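These are the structures, in structure tokens.
Shared chain: chain A. Partners: chain B in the first complex, chain C in the second.
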Partner chain A sequence: MYHNIPILLVAVPIFFAAITVFLRSRFKLQKALNTTVFAGLFIMSLALLLHVWENGIVVYEVGEWGKYGIILVADLLGSGMVVLSSFISMMAMIYGQDYMDKETALDTTFFPLFNIMVAGLNGIFLTGDLFNLFVFFEVLVMASCGLIVLTGRGDHTPMLYKIEAIFKYLVLNMFSIIVMLTAIASLYATVGTLNMADISVKLAQLSAAGTMPWHVYMIALMFIVVFGYKAAMFPLHFWLADVHPSAPAPIHAMLSGMVIKVGIYGILRIHYLIFPDVLFLTRPIILILSLVTIGVGAASAIGQYDLKRMLAYSSVSQIGYVLLGVGMGSVYTTTAALMYLVNHAMAKSMLFLATGETLYHAGTKDIRKMGGFIRTSPFLATIFLMGSMSIAGLPPMGGFIAKFVVFDSGLEAGFYAPVAIALLFAIFTLFYLFRTWMTIFWGELKEPENESDFIARSPTPQIKVALALLAVAVIFFGVYPEPLFALASEITAQLFDPQPYIDAVLGGQVR
Partner chain B sequence: MNNTLLSITIALLFGIGTFMILRKDIIKIVLGMTILSHSANLLIFSSGITGGKTVPIITEEIAQHTTGIIFTDDLVNGILAPIVPEGTEMLFVDPMVQALTLTAIVISLATTSFLLILSYRVYKEHNTTDVSKVRRLRG
Partner chain C sequence: MTTLIAKTVTKACVPIAILFSISLLLAGHNNPGGGFIGGVMFASAISLVYVVFGLDYIMSICNCKWEKFFALGLIISASTGFGAILFGHNFLRSTFMELHIPLIGEIELVSAGIFDIGVYFVVFGSILYIFKSTGDDE
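And then the complex of A and B:
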């Protein structure tokens, strides 16, 4: 039974994407159906993770072609990421049903495209085939392009800007995809297989024989460009602040919460499994670029008055901390990076969902025109404060534990200067998030005569449920991080010793 | 011999594509993207064996006579499936690269048509195809 879950996690959303196209006019049914499907996906992914944790890696061979065909591999890293993405997409879906405009979004393309986006994400995290990874990247990108143009009630971005943002996103994505295709073609020409475990074995043999071709190093660096682009690493971060704020809030939460983590996943998967011999070259590059990313993101966020744009730059800064953990490269730092990834995904998507409601509540997206909303919406003030505390790294939120382990592991591994720089910009984070929170929620109400208007634009119960569940998760991982830490340590152990992964994939017989 | 020509062609196409996407006209950028993706497709195609004698459909009859070069890796002698040393006879063309190229072509077709629609919308909204004038979001 567990054997089939990996393919179901990809096939079920695609199937329901088709179904929801036909049910366009049946809005009530759509709502119930999609909530059920996303809850089902979350339960399935959780069952898969627990199964993998206890019984080892699950491999599903599509079409039973063995290592020559497409395979789906659920190891701890992949299934863990799927659980995270299922949880966040379930919350975004529950939230989006009340948030998105009915005529232009919910009745047309929101449900099908959201399903396809989730299928793309699950596919990326589960696939064991390099070319299949590229296909799922395209699925994800095309679906998210379609979702960015949709409008919601707190979304004050004109269509003109959205079109421009998508044009940039698509052109740059196409370029990164071409770089990825070139790298895949060169790798295929070198080792003659696309199966990641198989490539890993063959490159290890070449390396042991001392005949590793020099262009393998170039290929590893090209993959850094591709995944660095996806994760918004420093020289490739400029698109994020244009594209993400143009999206409506639930999509913004998905893009900043999950989609940029795809780049981190790619670096962890490809570089630890396929290119362990090139890590001596890639680690310092990631480390230096991550520090610049942290600095550039934090410095840009301080100067922003557009709430969504400020949080988008904050995402750039925060992804730098994850890359910092990856770049420092010891077992403990990688564990810390994974914990940071999970906590940032939860807190950031909660913050973005709360932001969407706040912008609707305020009727504008300029921070300077807001103020005193704690009186008209104490619920949003609480959620926003919890999100800010988690991102800034204050106890008892999850972000505190995450920042703590990143710095602690960095000091233990002897990276004093990088940790000092990261700590400095963590103070920047504290400053810009709390300045924003105080401007929006504290002080006098800016337009007291419109108070009843503000109160009328308050979150619906369904939106409150989604935000409250995310808040519970953020606090849970803050006060009881042991299970997450145990899982992250186990994942790191698998990353540093990929032999179980290789055995699980290549152990099967070809018919 | 033909490989050299193919490599030079691919390199030239990459160069032309890169030149085109650095222009300021939106349509030129889209065309440059198309050329770039097709040069990547050619690169994939060139990475497999194209000089085989027959199609890779292994019937009973052929299976008795084949040495199965494509499906066997002989790492000790430096034989990794698509790269076969000089003098080794190749029986089949590599079916994988053709499947990969087809997939990549279909994807780039979809992306290109989407890009063209987008550039039409950009032209309609801004009344220009000059990207330096389409800067509402300020980078």
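And then the complex of A and C:
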């Protein structure tokens, strides 16, 4: 029963992607079917996480080829990320059913592509095979490109900009994919296997014998480039502010909430499992680049008048804090990074979903033309305020705990200067988010004669449900963070000692 | 491209190309061939018809929804995987059966063949869908 869950999390969305193509014009049925499927995926992922928490790592051999075929490995990191992505994708799906345009999005490609995107995300988090990781990256990117060009009701981006954005996304992705493929091929030529646990064992043997080839260090650095591109780390962050704001709100929430976290997941998985000997080289690089990322993101966000663009730069800045925790490199800081990742994913996707509705409410995407919306839509004002508080790190939201743990762990590990820089830019975050919130929601209505129009463009009940559930999650992790902290500590323990992972994968019978 | 020579050659070639694509599909799994190249060959044959006879003419005969074939193939392939779970094995576990048919002889039936048929549909469905929708504009 539990044994089959990893493959079901990947195969069920693919299967339903095909089913939804046949149901294109039957909108009511689509809605019910997709909500059920995504709720089912969330329940399955929770069951998997609980099972892994109690009984250890689950290994699934697709096609029963043993370690020579494709395997799926659900350890705590992988299954935890799947729970997070299932939760956010469920909310984005519920929200998107009312938000997206009916003729051009919901009746055409929204449902199939969203399913495929979720399959790609789950595949990335669960696969135990390096080349398969690459394949799921491609699945994810192709599905996201198709989703970015769709339109929603609060989406004031012209189609021309969307096409330009996905052109950039695809071309730059091609570069990162070439780097990744070269790295994988070099690794395969060195050790002759693609199974991550197997590579880890063989590189450890080479390292113990003192015959580690020098190009393994190069490969580790190439993976930093690839995952740094995915996570929008400093020299590779420039695409994000063009690509993410072009997407409609539910897709924007998925991209900024989950898809850039894929880079963090990759760094944690690949560099801790396969290249533990190269960490002395990669940690300082990540640390320095993360500080620059925090600074560049925050400084760019301050100057933006386009709400979505401002929040996209804020994502760049926030992903820097996660990378900071990873780069400082002690057990406690990595735990802190994981907590930051979870809280940021929740709060940012909530903020993006609220942003989409706010832009629809306002009828424009220029912050300077908005004002006084707390009177026409108090619900959106509350949600937006909660998201801003969480991102800026104010209690009682989850973001406060996350920021506190990152700084506390950094001080404990003796990284005084990086923590000071990060604190300085945390004040920037506070400034630009609250300035935006006050401009949009406080003050007088800019166009009082249009007040009835604004009220007519209020969120529908379904959108309110999605936003409220996310808000509950954000507050829950703020006032009761112990379970998350315990989970993150356990994940970090597994990361720093990959032996159970290797035993689980390679310990089975050879067929 | 609608010259008489092109039309005649197409009429002669396309059935052969389609038959060859099916033979490639069935030869797969143990011999060179398989669903992917079979599907590409089928798609190239049909796209030759599109190029020579023109989109409007084909649309007047049959307005094929190629994305439906894509979805059908995906369902077939995924069902092959789920079928193995129903029999208590892992996803996509392959099996085979030797069948003796009088006059023809031994035939090996492999479950991976069904998966290949799904791939065949996915490949030609997606390629022709892209061809048709990029050629459709204006």
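FYI, the second predicted complex is superposed on the first by the 511 of 511 C-alpha atoms of A that agree within 3 Å, B and C clash if a C-alpha of one lies under 4 Å from a C-alpha of the other, contacts with A are read in each partner's own complex, and residues count from 1 in each chain.
Note that in this section a residue touches a chain if its C-beta (ideal position, glycine included) is under 8 Å from a C-beta of that chain, and two chains touch if they have at least 3 such contacts.
Source: prediction; values computed, not measured.
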Per the contact definition in the header, classify A:Ala381: touching chain B only (first), chain C only (second), both, or neither. neither
Is A:Leu170 contacted by the first partner chain B, the second partner chain C, both or neither? first
After the superposition on A, what does A:Tyr60 contact: first (chain B), second (chain C), both or neither? second
Check whether A:Ala11 is in contact with chain B, with chain C, with both or with neither, and answer first, second, both or neither. second
Return first, second, both or neither, reflecting whether A:Ile19 touches chain B, chain C, both chains, or no partner chain. second
So in the complex, the part of chain C that touches chain A is made up of which residues? 67-68, 70-72, 74-75, 78-79, 81-82, 85, 89-94
Contact footprint of chain B on chain A as seen in their complex: 68, 131, 134-135, 138, 142, 145, 159-161, 163-168, 170-171, 174-175, 177-178, 181-182, 184-186, 188-194, 202, 205-206, 209, 211, 238, 241-242, 246
Touching residues (chain side chain A, partner chain C) in the complex: 4, 7, 11, 14-15, 17-19, 21-22, 60-64, 112
Within the complex, chain A is touched by chain B residues 21, 26, 29, 33, 36-37, 40-41, 43-44, 46-48, 71, 73, 75, 78, 80-83, 96-97, 100, 103-104, 107-108, 110-111, 114-115, 118-119, 121-122, 125-126, 134, 136-137, 139
